[in-house]
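You will see two complexes here that share subunit A, one where it goes with subunit B and one where it goes with subunit C.
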Partner chain A sequence: MSRWRFLLVFAAAMVLLWIAPLVLPLGDYTHDVVGLTFMFMAAALAWNWLGGYVGQISFGHAAMFGVGGFVAARLMLSSGLPFVVAWLAGGLVAGVFGLLWGHPTLRLRGPYFSIATIGVGEATRLVATYWSDFTGGSSGLSLPLAGNPTKYQLYWYGLYLLGAAVLISYGLRRSRIGLGLAAIKEDVDAAGDVGVNPTLYQDLVLFLSGTMVGICGGFYASYQAFIDPQDMFSFDRSIGLILMAVIGGIGTVLGPVWGAVVFVIIQEFLLATYSELYLGLYGALLILIILFEPLGLTGLVQRVHRLLLRRPATAASSGAPLTADRRPT
Partner chain B sequence: MGEVVVLAVSAVLLAGFYAAMAYGLGLIYGVLRIVNLAHGGIIMASAYVTWQLFDRFAVDPFAAIPVVLVLFFILGMGIYLGLVRFLPRGPAGAVQSLLLLFGVWLVIRNVVYLLFTGNEQVIHTAYATSSVRILGGSFSATRFAVFGVAVIALIALHLLLTRTYLGKAIRAVAQNPDSCTLAGINVERVYLLTFGLGTALAGLAGVLASTLFAINPSFGAGELLKSFVIIVLGGLGSILGIALGALVLAFAEVFAVYAVPPYLTTAVGFVLLVVVLVLRPGGLFGQRVLR
Partner chain C sequence: MTRSPRHSTVLLGVAVLVLAGCVPDRDDNRDSGATTIPDTIVIGSTLPLTGTESKTGGRFKQGYELAVELENADGGIDLGGTKVPVRLNLLDDTTDQAKAVNLAQRLITQDKVNFFLGTYSTAVVEAQSTVAEQNKIPYVNGGGAATSIYAKGFTWVFGTLAPVANLASTEMSWIDQQQAAGKLPKPARVAIVWENTSHGKDFRKGVQDFTAAHSGGYQVVTDESFALDGKDFSAILSRVRAAHADLLMVDAHLPDFITMQRQYLSSDMCSKVLTYGARGTESDARSALGADGVNYILSAVWWNKQLGNAGLNKEFVDKFTAKYGTDPEWYQALGYEAARSLFTAIAQAGTVDKEQVRAKLSALRMDSILPGGTLSYPADKGGQADYPFVVQQNLPDGSSPIIYPADVATGTGVAPNPACKG
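Up next is the complex of A and B:
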């Protein structure tokens, strides 16, 4: 897709989604869930910048989600800052927090980094749970009613978040930085040899990713109007982000958006009735996708597309990751 | 002074369990270059099997070890044959294997949850409260038994890896699978047996864990992290490396009570991991870390 065509489609989609609730008879519940889904989409895209573009699988993104949420909530409680400013501040703190643990650990590759992120996530959750002066401990924090947007209004803020995340996703992939990231994913030493500074690039992406996920945390805090550390920092939250990206197509530009749709549908409709099955369902999904269609929905669509057009695959076809994720063994 | 000695003994006892726990992860990683993210889940599952054997059939946890070893050896081979075998090798396979085995972990957790609910379970053996007095401290007899089993298991493994054809084949494949094919070693079969062996070792760790800790379906995340810290600390070169890595971690955790509140001991392993990886990427003792 050319740049102009992408921007045109993007702008049209944003306008349509912006006016949709005004003209369509959406129920309150659907309206709210769609708004929340926008936030999940943005967070999943942000996870994908690190997990997909660079290939550094993070199991600890809940840490930034929680930090962003709690900083935003604290700011709104103590200083009465407008909520958007509080979200942004929370996001920035989350991004810096990401850099703090990411700068040393991002030199590690593959499983080393991933396991370290499990440690980050767990350690952050423990500290947050016990640091009750800041997080309210196990009883959590309630946000002030005044100054906090309603769920109805949050639909549009969710849409703005999603729009920003999509633009960054596209920009990162199409820019020089995107090429650098793809080079790092393929071979970190070779990337260094051709003048890509892996430390700088990866730090930058983690900062961006952490900031966006932190802002999403702030959004979530406003959405729920009540947050507690066990929920914000839970391992399940990190798992959720991974799943959305994997379902949609890890490393693709827009895959996580579709993945988030599937994830929310599963969560809201299937798991409302079979709540005791959710981990197993997520696990089974992961296994099936990795075994049969490592690029998730995006891979599936491409496969169908190829079958229909009877055309051989090209790496440059829209949305495909720059690096071939499946090679002949 | 007395307190320090008591803590040191405590750390050594803990290190025995840690070494047994880490070896399964290290073995699979060294040979297949795959981090078995289901490691913690397998430890948890085997702890539940041990609990069930004790609860229903009154089988002593330590007597259950042979059964669990066979069971989890078969389970490991099943996971390899059914799932891991199909992953591509190389960097793309590394990301996929992480996600795949993570999925396996989630499924195990859910199955255990469905079967036994999320409640904590404890094994109360007749000797659970008996203690041993040594060096001015009082230690539970179970901890000594766990230490003994762990040491025996590590020695048995060492003998297996150095004295048998299979062991030599495993070590050869860890060094260079391509040359092994040339030398007539069935590499695919070595992978299969290694995965089985590594899983059986995780099973053993689960038996030991069930005698020490209360278990629930989310048990195992910390064990996975600690196992990984140990193989990074000690390198994959030898039993000695693993034992030293386990000792360092155990001492750091036990003596951390002087510096940090108790709920943060989990974080000690993580901090150690980051510090070592940043300062000494080759492992604490200068051994080559297989990557």
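Up next is the complex of A and C:
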């Protein structure tokens, strides 16, 4: 898809989604859940910048989500900063925090990096749980209702967050940096030989990813008006981001967006009945995707598209990741 | 004149940017409830029916369901001469704060329940009560005791549990009596171990305030916190042992109480006085730790079935025993009273209008099974009930008599723990 066509479709989609709640009879609950889904989409896209574009699978992004959320919450509670400023500040702190642990650990590749991120995530959760002066400990923090946006309004803030994440995803992918990231994903040593600075590029992407996920944490704090370390820093949250990306299509520009939709639909459908069953369903979905369609929903759609047009698969025509390890079909 | 795709995109981009500056809002003065009489009054609720607090959640469910059953046995709540049956829409929040929040949001905004009965455990109630306040729906809970829940200026949240700080000071008052009688050393070395929740902080404050007010009588030698749902308390217990504490004052919920007490016993520790706050008499603890494993544990609770054999107490105990075949504990009693107070306020309002029911809850003063015999939600306490605690102690014969205060005592407490050597 050409740049202008992409931007046109993007702008049209944003306008339609902006207007939708004003003209469609969405119930209160659906309206709120859609707003929250926008945030999950943005967070999944941000995870994908590191996990999909660079191939560094992080199991510790909940750490940035939590740091962003708690910094934003603390700023709103203690200094009365406007919530948008608090979200941005929380995001920046989360980005810097990501750099602190990421700069040394990004030298690791593959499973070694992933294992390191598990440690980072769990260590951060434990510190946050015991740092009760800052996080409220196991009781968490309640945000003031006055001065916080209503759930109704958060729909549009979530939409803006998603818009920003989509533009960055697209921009990264199409830019010189995107090519560098693809090179790093393919072979980090070879990338260095052709002039790509792997340390700088990976640090930059982790900072961007951490900042966006941190802003999402701030949004979530405002949405729930209450946050606690067990929820914000939970391993489930990190796994959730990975699942959204894998279901939708890891490494693709928009795959995590569709993955987030599926993730939230399953979770909401089962919330009031079999609230723990969704983990089993996600597990089954993950196995099916890995076995039959590594590019997730995006790959499935492309496969159907190719069949309809009777075209052979090419990475360039499909918008698939530049370095995706596609199974022969 | 034809426009290039670039121009169209720029125009759309400008439109997006313009829209980005705006966030629509709506009038938040939503309908506070139908003024007509409904066919059924639907009460939304969540409880931890699975997860770490599932045992306690199940007990609260019994209390809620008994209250609903008794109300419906009489035809339902009287709304201006018309009896309207009550239906409880109860979901499992799995002891998860985020899930409790999301389910409450769904019950209120999608299922349109009329009123809400809260979940159990301070941490979960603290999270969930925010949803009730945001949506302006009367929220009565029997599971949130920390004062921080009621110190936020919320006007739609009401709690039947008296403050935890009072729990600690009531236990300390009994200990003080034993010390005055020469049964405990003076000064007594106190170890405070508390879960790092608002509940635990209140407990710690209660003990600290008491010891500060009785300087010379007590010396705090250990002050440790732990996270909920702990698996290993050996490091904390080692520090308590090293500090040679006479009084081990712990605040823990049921799962942590059982885990910590198991490790306390296996470490061969023995304190002259041992308490886990409100925990100690639960049958689950006896089966998990053995009858000897819970001997002489002191606990202060919001209700005990020995409080009276007459009136409302007798009616509650008899009906409960008939329905479930076991004796009620304070958990069921508090759930029952939370539901009964909500039904009373609805009947007094004579309508399901949320604002009017909230006003009736604020002004409520009703006969109760709770200590003191009256339940109200005083505004100066932020809607949290305030009444005296009763102290009970597990004895080797399997009984747990009320030992304090004297006017309701059904037995005599033992201090120091006779099992301790030296």
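Note that the second predicted complex is superposed on the first by the 322 of 329 C-alpha atoms of A that agree within 3 Å, B and C clash if a C-alpha of one lies under 4 Å from a C-alpha of the other, contacts with A are read in each partner's own complex, and residues count from 1 in each chain.
Everything that follows uses one rule, which is that a contact is a pair of C-beta atoms (placed from the backbone, for glycine too) under 8 Å apart; a residue touches a chain by one contact, two chains touch by 3 or more.
Here the structure is a predicted model, which is why all the values come from computation and not from measurement.
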Just checking: does A:Arg5 make contact with subunit B only, subunit C only, both, or neither of them? Give me first, second, both or neither. second
Which of subunit B and subunit C A:Gly163 touches, first, second, both or neither: second
Once chain A of both complexes is superposed, is A:Pro104 in touch with subunit B (first), subunit C (second), both, or neither? first
Just checking: does A:Ala63 make contact with subunit B only, subunit C only, both, or neither of them? Give me first, second, both or neither. neither
Of the two partner chains, subunit B (first) and subunit C (second), which one does A:Val120 touch, if any: first, second, both, or neither? first
Would you check which partner chain A:Leu22 touches, where first means subunit B only, second means subunit C only, and both and neither mean what they say? second
Of the partners subunit B and subunit C, which touch A:Ile287 in the superposed model: first, second, both, neither? first
In the superposed arrangement, which partner chain does A:Tyr130 touch: subunit B (first), subunit C (second), both, or neither? both
Applying the document's definition of touch, where does A:Glu276 land relative to subunit B and subunit C: first, second, both, or neither? both
Shared subunit A surface residues [contacts with subunit B and with subunit C]: 126, 129-130, 276
Can you name the residues of subunit C that touch subunit A in the complex? 5-6, 8-9, 12-13, 15-16, 19-20, 22-26, 28, 50, 91-92, 94, 96-99, 101-103, 105-106, 109-110, 122-123, 126-127, 130-131, 133-134, 146, 148, 152, 195-199, 201, 225, 227-228
Would you tell me which residues of subunit B are touching subunit A in their complex? 29, 34-35, 37, 83, 86-92, 94-96, 98-100, 102-111, 113-114, 221-222, 224-225, 228, 232, 261, 263-264, 266-267, 269-271, 273-274, 277-278, 291
State the interface residues of subunit A toward subunit B in the complex, per the touch definition above. 55, 57, 59, 101, 104-105, 107-112, 114-116, 118-120, 122-123, 126-127, 129-130, 185-187, 235, 239, 242, 246, 250, 276-287, 290-291, 294, 323-327, 329
Touching residues on subunit A, where the partner in the complex is subunit C: 4-5, 7-8, 11-12, 14-15, 18, 21-22, 27-30, 32, 126, 129-130, 132, 136-140, 142-143, 145, 149-153, 156-157, 160, 163, 224-226, 228, 230-231, 271-272, 275-276
